[in-house]
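Look for chain A in each of the two complexes below; its partner is chain B in the first and chain C in the second.
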Partner chain A sequence: MPRIVMNLVERILARASGRSSVSPDDVVFAKVDRAMVHDVSGPGVIKVFEKIAGQGIPTDKLWDPDRVWVAEDHFVPSAEKISAENIARLSEFTSRYGIKNHFRYGMGQYGICHTISHEEAMVMPGDVYVGGDSHTNTTGALGAFACGLGHTDMAYVLLNGQIWFKVPETMYFRLNGRLPGHVMAKDFILRIIGDIGTDGGAYRTMQFGGTGIEEMSVEGRLTLCNMTTEAGAKNGIVRPDQKTAAYLEERMNDAGGGTTAKVSLSRGGADYSEPDGAESDYAAVYEYEASELEPVVAEPFSPENTRPVSEAPSVELDKSYIGSCTGAKYEDLEAAARILKGKKVRIRTEVLPAAISIYRRAMESGLLRIFLDAGATVGPPTCGACCGAHMGVLGKDEVCISTTNRNFPGRMGHVESRTYLASPMVAAASAVTGRITDPREIVPAASWGGGGT
Partner chain B sequence: MSDNGAVTGGVIKYARDNIDTDVIIPGQYLKIHDYAELATHAMEGLDGDFHSKAKNASFIVAGRNFGCGSSREHAPIALAHSGIKAVAALSFARIFYRNAVDGAFLLPIEIGEDAYEGTSEGDVITIDVKAGQMRNETTGRRYEIKPFSEIIGKIIEAGGLFRYGMQQQQQQKQKQQQPGS
Partner chain C sequence: MEPFRTVRSVATPLDKINVDTDQIVPKQFLKLVQRSGFGRYLFYDWRYERGEGGSDGASVVPRPDFVLNDPRYKGSAILVTGENFGCGSSREHAVWALADYGFRAVIAPSFADIFYNNCFKNGVLPVTLERGEVRGMLKFGGDIEVDLEAGEVRMYSPGDPAAPPRVARFEIEPHRRTVLLEGLDEIAQTLKYEKEISEFEKRSGPTNGAIPPLSPDKPLGA
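Right, the complex of A and B next:
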């Protein structure tokens, strides 16, 4: 029986598929509002285009080039010849099909696709947004249905503007109260993955709500939704609110007040800021008290191998990596800088802001100086070593603490390297000591304000 | 493949859960879009002998959440171009599953604990989707496989998402040409 009040993801998919209502397990063809490919999925899509053109399927024009955008992130700056050639193919693709939104490295704003999605306000609340990357889930934090797809599916979207989905059930994660100052959204999502496992959210929506989420910054919410991927979820989502609108408007309008674009939280009669219906409409409800959460790490070789930093094993680290769509947004860098200010790193430490806009703000506000004074290296935006691509990959037996999202065997380099996933604060504190360290050990707890990033 | 769609071949078994895309095809190879070359790196993160084993095998049998991790279509591509016709696992991660189906690279077959436990490396099995069965020819035992959902079955039958889409369009055209129907 259709619900009286649909859950958020159902409201979005009903609107996008032209139905008055949908229920979990319904299969719908949803119209897509925004689509993204990058320097790995873009060439993959081009390959699919070549294949289907050979089968007589027309590939001469896209459904709507203005709704498609392109990022360069995995192998940039070009790691070697083949990645340079992939970038050239991307450029040829965007010019042939008239895609204007192509964020090119070395030409102003560029960065990791998921970071660009929010920094450039590419996705709006209530959108159906698909991307050729699994962490497309990130952008659900803006109140969109944001979901990762493969190359064939993305090729289908680019040509047809729609794609099939099975309407997911919703798991609801309620956070009561404000996170303590030394606990970050990253700690919360690692804790959740530890609790439910890497397939705990499989095929479902993971929705976050409660007072702790209302209080949390948009960037904190982005971190939560980003790692719903590691729980196997179809998507992560947060109900959009005035904070969401203000965050996007700040990025759509220039600081001088020359433009005054407004972000709407409703569309076609559906108000996405409205609460869901009955609690019983969720497939599961999980409840967390913010005051009881603490910094955690995920040990090799799975994001579900979590344990509190206070119980972490005493391992000697070789490197601290502060980068990626998960852990190098502006507030992530700000949090790491709070720990590193006036300190020296004891292990190799790399900081890679996730987009040029973040790099610039970090430069202007003095964060980059703090990192450099501490002895860290600051690199350009790139997925880089997070996916073992280039720029700081790990060798055999190397041990890394990282603000990234996965620590499967070989994820960041050699199959016998080891990665501990952690928050930017824990990664920064560990950089100072060379072992897994609670941020309060470096900066006394008395100086912490409220958390929530 | 025989006339009724059943496939018979050898098994490579990985008796573990959460075989992720980083081991199926490590990230450093994502820049490669030549399918044959990708195949030479398949399963490199877990099994250096996979490529030679796959010469005499058509199936991978594995545990829960096969293909978790990234959206890289390189994963089913690398397996399919190594000669793998189907992965039979206790469960699949969603993007791997739809990539395998929508791109028509290989069949993701959901099996039960009995089939998983009852199949060993080197066994010869037959997967017969129409009969809803997996037969272990080595042991003589038969197991039920989980039927595909309606949409998945239709996409597989059509030969991938694009062919399915073409069929749908043709059916709509035919409907429009038959007023009153």
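Right, the complex of A and C next:
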């Protein structure tokens, strides 16, 4: 029995598929508004193009090169010859098809694809946005339907601008009240994954709402949606509001006021900023009290192995990693710097801002000085160490605390290394002590303001 | 693509839950883009021990305790495994590796979404069965037959191959079933519906039209 009132994801998919209404499990053929590939999925798509061109299917032009953008993030700086050749292949691809939005390593703004999606305002509220990467879910925080696809599906989208979706059911996570200052969005999403498991969101949408989300910054919301992937969700989403619009407008317009682009929260008669609906609009509703949340870690080897930092085992750490699309946005760095200011790290600590624009802001506001003074190394944006590919991988038996999103066996290096997932504040506090540490142990709770990042 | 109708072989039991695509194909092989030959990297870190001085396959030795190295399962075309198979990274290389190794079907209580979709693009059938049924298959050891047309998985008793098999039923969405039965790929499949799609377009108009274009001329790093 279809519901009369559609929830946010249903409204977006109805609009994109030209229907007046859709219900969970409907299969719809939706128009895609934006599409992204990076230096792993891009070469994969090129291969698919070559294969289907051999079958006589035309691949000489894309559906709309202006709606496609390309990131270089997984294997930059090039670790060896093959990655260097993949980057060259990507450049050849973007120039052949006339893709103007190619964010190149070493040429101004570039960074992790999901970070670029918000730093460069590449995706708008209400969009259907697909990317050749599983963490494409991140960008749903801007109020878009955002999900990852495999190479073949991406190739299809680039040629046709549309794709089939089965309309997902929506699980609604309500956060009541503002997060305490020492608790970050990362702690909240790890707690949720611990509660529902790594397949708890399978084939479904995870939507976040409630007063805690309204008060949360856009970057905090991005952290939540980023890790819906670790719960197996099709996508994550937050209702777009004035905060979303302001965040994007700040990034679309020059600081000097030379341009005045506006972000619309509605499209084709659908207002995506409408308040979240009644319980009956969702397959399940989960309630959390912000005041009851605390810093957590996810122990090896699964993001669902969460436990409060206060109950974490006493392990000797070898490294603290503050990087990735999950944990190296500007506010993540700011939070880590709040802990590291005036302190010294006791373990190898690496800070890799997730995009050059963030790197620049961190330089201008003095965060980089705080990290360097503490003894940490600051590196260029890359997915390298997060996926264990290069730029600081773990050796056998090494233990890492990390602001990233996965701690599968061997994810960050040797198959017998171990990673604890944590918030930037917990990773920074742990860098100071060399063991898993509550941020309040380093900076007294009395000095915390309201949280929400 | 080779049409998928019926596959019968001994089933390889991989008794693990949440097997992620990092385990199916480790990251060091992601930069390779040829679609063939990935079978040798399948479950690489579980399958091989590194010999001294070897990093990318120079001197690896098979781990005798890993199921793919067990001679009983040589030539197997069916993998049986636990919940949430294929979670993690969206890398399509994971399915390329399974297919190239020779697996035509994977049976599990549940699959991760992107992996599940990728299977159909590469001629691999993901079969979702009740957890209890899959647990039984993990311990089974006999031949299993996956019949897509009938929507059945049949387990033939190893002791008495002539005895009637135990049958489990599974469901696959109709369009995906067609894709595999006819050996189509998604693109060929969609071309079959070209008329319907263009009518839909006429009806709904350009829904993309109202969106402001991206601004490629914006200064980089601004």
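Everything that follows uses one rule, which is that the second predicted complex is superposed on the first by the 450 of 453 C-alpha atoms of A that agree within 3 Å, B and C clash if a C-alpha of one lies under 4 Å from a C-alpha of the other, contacts with A are read in each partner's own complex, and residues count from 1 in each chain.
Everything below uses one rule, namely that a contact is a pair of C-beta atoms (placed from the backbone, for glycine too) under 8 Å apart; a residue touches a chain by one contact, two chains touch by 3 or more.
Since we're looking at a predicted model, the values are computed, not measured.
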Here chain A is shared; do chain B and chain C fit on it together or clash? clash
In the overlay, answer first, second, both or neither for which of chain B and chain C A:268 touches. second
If you stack the two complexes on chain A, which partner ends up touching A:198: first (chain B), second (chain C), both, or neither? both
Taking the superposition on A as described, I'd like to know which of chain B and chain C A:14 touches: first, second, both or neither. neither
Thinking of the overlay built on chain A, is A:232 touched by chain B (first), by chain C (second), by both, or by neither? both
Quick one: is A:47 in contact with chain B, with chain C, with both, or with neither? Answer first, second, both or neither. both
Partner chain in contact with A:415 - chain B first, chain C second, else both or neither: both
A:122 contacts which: chain B (first), chain C (second), both, neither? second
Winner by number of chain A residues touched, once chain B and chain C are compared: C
Do chain B and chain C touch any of the same residues on chain A, and if so, which? 27, 40-41, 43-44, 46-47, 52, 55, 57, 74-75, 82-83, 86, 132-134, 148-153, 155-156, 160, 164, 166, 198-199, 202-203, 232, 234, 302, 387-389, 406, 408-411, 415
Within the complex, which stretch of chain A touches chain C? 15-18, 27, 29, 31, 33-34, 40-41, 43-44, 46-47, 51-52, 55, 57, 64, 66-67, 69, 74-75, 82-83, 86, 100-101, 103, 107-109, 120, 122, 124, 127, 132-134, 148-153, 155-156, 159-162, 164, 166, 198-199, 202-203, 232, 234, 252, 254, 261, 267-268, 302, 356-357, 360, 387-389, 406, 408-411, 415
Tell me, which parts of chain C touch chain A in their complex? 18, 20, 22-23, 26-28, 30-35, 45, 83-84, 87-93, 95, 110, 112-114, 117-118, 121-122, 173, 175, 185-188, 190-191, 197, 200, 203-205, 207-208, 210-216, 218-222
Touching residues (chain side chain A, partner chain B) in the complex: 27, 40-41, 43-44, 46-48, 52, 55, 57, 74-75, 79, 82-83, 86, 132-134, 136, 148-153, 155-156, 160, 164, 166, 198-199, 202-203, 232, 234, 302, 387-390, 393, 406, 408-411, 415
In the complex, chain B touches chain A at residues 18, 20, 22-23, 26-28, 30-33, 45-46, 64-65, 68-74, 91, 93-95, 98-99, 102-103, 149-151, 160-163, 165-166
